[in-house]
Amino acid sequence: MSYQSLKEECYEANMLLPKLHLVVFTFGNASVVDREKGVFAIKPSGVPYEFLRPEDIVICDFDAQVVEGTKRPSSDTKTHAVLFKNWEKIGGIVHTHSTYATAWAQAQLDIPILGTTHADHLTTDIPCAPPMDDEMIKGNYEYETGYQVLNEFERRNLSYEEVEMVLLGNHAPFTWGKTAEKAVYNAGVLEAVAQMAYLSCTLRPDVPRLKQTLIDKHFFRKHGKDAYYGQGC
Amino acid sequence: MSYQSLKEECYEANMLLPKLHLVVFTFGNASVVDREKGVFAIKPSGVPYEFLRPEDIVICDFDAQVVEGTKRPSSDTKTHAVLFKNWEKIGGIVHTHSTYATAWAQAQLDIPILGTTHADHLTTDIPCAPPMDDEMIKGNYEYETGYQVLNEFERRNLSYEEVEMVLLGNHAPFTWGKTAEKAVYNAGVLEAVAQMAYLSCTLRPDVPRLKQTLIDKHFFRKHGKDAYYGQGC
Amino acid sequence: MSYQSLKEECYEANMLLPKLHLVVFTFGNASVVDREKGVFAIKPSGVPYEFLRPEDIVICDFDAQVVEGTKRPSSDTKTHAVLFKNWEKIGGIVHTHSTYATAWAQAQLDIPILGTTHADHLTTDIPCAPPMDDEMIKGNYEYETGYQVLNEFERRNLSYEEVEMVLLGNHAPFTWGKTAEKAVYNAGVLEAVAQMAYLSCTLRPDVPRLKQTLIDKHFFRKHGKDAYYGQGC
Amino acid sequence: MSYQSLKEECYEANMLLPKLHLVVFTFGNASVVDREKGVFAIKPSGVPYEFLRPEDIVICDFDAQVVEGTKRPSSDTKTHAVLFKNWEKIGGIVHTHSTYATAWAQAQLDIPILGTTHADHLTTDIPCAPPMDDEMIKGNYEYETGYQVLNEFERRNLSYEEVEMVLLGNHAPFTWGKTAEKAVYNAGVLEAVAQMAYLSCTLRPDVPRLKQTLIDKHFFRKHGKDAYYGQGC
């Protein structure tokens, strides 16, 4: 099998999604990049997780052209390609329709930063990109979806290395990270944070955002040069 | 065992319902049609899923008369019969009382189309048929239930091949498809969409419907002659 | 082991409660009566389900006195005794703190009859008995709890053979039935109905009650002389 | 392995947290004290539960200095140390970000006492300590977190032996008990009570608190010299 280890890594990342209750049926996909070869591995389109095998994984280049594989790649492949091409330090991308994150995306609302669970992972509200213009939707939709994310990050002056997740308005979340495993982890964190924020907001509609000192404290004890969370490796 | 493969297919479809957390106790049933023989197989009435065996499945004709089997068929058999008789291209029907879909049915509300998870599967709100007139309820209730669905689709000018699910007001959902497996899949999709819509609506009561370009884009990338989702088979 | 089969039946009924996700830790108990011997079997107090054994079950008479067993019986034993003594046709009782039913009890609200899932099992709102007077609470509390249920059924003119469940205001549900297995089933039905009603009421606060013709239709197709649901045995 | 039994007890307590669905990923930690040796065992920082081994557990003194172990201890170690040092009768502490309890903490609301499930375990609302002053956050944060809890209990005149749980505003819960196992149990009770209170409050925003006679009745049948719940050992 060519690209064997890349395919296996991609397979393992995909299989974590149903295990973490982030996808049902075929509602999601994970990809892994090989920067040296200029390709990424991605789930084939419409294949249920329970039947997925490592050899089904498709290899594509950054223009979303299939390089290797007998299956058709995920219908979201162009979105992955745009993100991999433009954000050079990410190693993996995950797309799910996880329940609470998708509910926020449908409501076209940013997920407000309300607690330290959120601040442990990012210092801003989780951005919800607005639905695209009709022209973009009718055109090269999945390709434009990638640009909708890039543009929203630029418009808000966000760094993709600090904010590793986004909601696509009316659609669902994308997450990424230095590795595919980290992208999967971020998808799980997003769903947990989305659920807690839903509960806090329905319990107390005027719930205040977390104050800046707490945001900074929790983020920088896990990230950056003065971090002291974890085993330092 | 006569009708062995039909019974086994029906048995398998039924057993997916508790596995997908769509039924508890005996709150649901699945059926499979054999168009050549003019019969369908359906779950027996009131038999808990954990005790169900393939040989318990009952074979009925399109007037809901038992053709083969030692058990009494589901109390909803006449509803299945009416739908099979009138909608000639469906191969299976599923009835559940799945939690979120039933909550919408009890509220007598259509499930509004709020996101692409919904639009991936149908282009309209999920219709909630109103409760029946008292005359119909007191009469041939389960037979009239089938006609309530047929009439509601006619009234709204909906195609059963495009919209494969309905809520019965005050009652619960029915779904169908070209195969029983697809009908089960639709029951799972409906429950996922119903939960997300519940969450979006309680989070933001004035949540807007999905715009038409996004509805069309998502539906037609999965359905029709220009579809490019899945493996094309 | 004396009363072996009674203890084993009680043990099996109790073990269904965590299996059906109706209890955590020690938050519940099931009992089974032997009318001929004038005794009932009940879970011992404070024993976690994972350590419960058939020989731990305690045998009591209808005055809640221990007849046989080395453990102390459930702290709710007097409530069970009062119900067994006064309602001669019940064979088992279940008490849980299941999540949604208890949330309704805490809100001191009847669960309104909103759908056929509810009407399949009873024709009225699920009654919530008010919290007891201070005198009753400070007195023989668990004994008075039984009378609070009896009195509420009398006040509302309800039949315990038709309505096999109650919420105790501020506390949690009790259910019963002709057998302990039916009482467990009713505890599961109550939790499912309580969750659906919660969702319908938060989605649409002015949700209407089910109309009487539908209530009667669904109840009487499962109960009474003209029932045609199930296998008739 | 030094401190072998202490490490194993700590390991077992930690492993109960994912089993009880109270933590995902690394979002929690449990500790156990050895009062004679003046040390406590705690989970290492950032180690996922599925990879945790007894030998990874870290031993610290009451000033949060590592006494034994090759891993870095939990980033919350100083909070545990402050509580162990000041509250001499507790044997274990648990910190989680369990979903419903954290939602209340994010909303900066006490969990009101609404039912007997709550009163079975404590007689007051579950206190939510306010977020700390900016000076405390920027200073010795985790150490100050411990003092925030101590000060809140003093301000409210609460006994840590009677109220074995607290919410940290904007953050998440801490629970404790005479043993680590009791602290884990309390974390589970808190999550169950938090969910029921969320449901009751969203169902009926003006839901009344439990009346004092019921609070006293339920608490004192389980606690103190006249308790009659459980097996008396």
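As written, the chains take the letters A, B, C and D, and residue 1 is the first residue of each chain.
Criterion: a residue touches a chain if its C-beta (ideal position, glycine included) is under 8 Å from a C-beta of that chain, and two chains touch if they have at least 3 such contacts.
Which protein is which chain? UniProt says A, B, C, D = L-ribulose-5-phosphate 4-epimerase.
Because the structure is a prediction, the values reported are computed rather than measured.
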Hop across touching chains from subunit B and tell me the fewest hops that reach subunit D. 2
Same or different interface residues for subunit A and subunit D, judged by whether over half of the residue numbers are used by both? different
Farthest chain from subunit B, comparing Cα centres? D
Two copies, subunit C and subunit D, superposed on Cα atoms differ by a rotation in degrees, nearest 5, of 90
How many Å are there between the centre of subunit B and the centre of subunit C, using C-alpha atoms for each centre? 33
Separation of subunit A from subunit C, taking each centre as the mean of its C-alpha atoms, in whole Å: 46
Subunit A residues touching 2+ other chains are 202
Considering only which chains touch which, how would you classify the arrangement: line, ring, star, complete or other? ring
Can you list the residues on subunit B that touch subunit C in the complex? 24-25, 27, 44-47, 71-72, 75, 97, 99-100, 102-109, 131-132, 134, 137-138, 141, 170-172, 198, 201-202
In the complex, subunit B residues that touch subunit A: 114-117, 185, 188-189, 192, 195-197, 199-200, 202-204, 207-208, 210-211, 213-214, 217, 221, 228-232
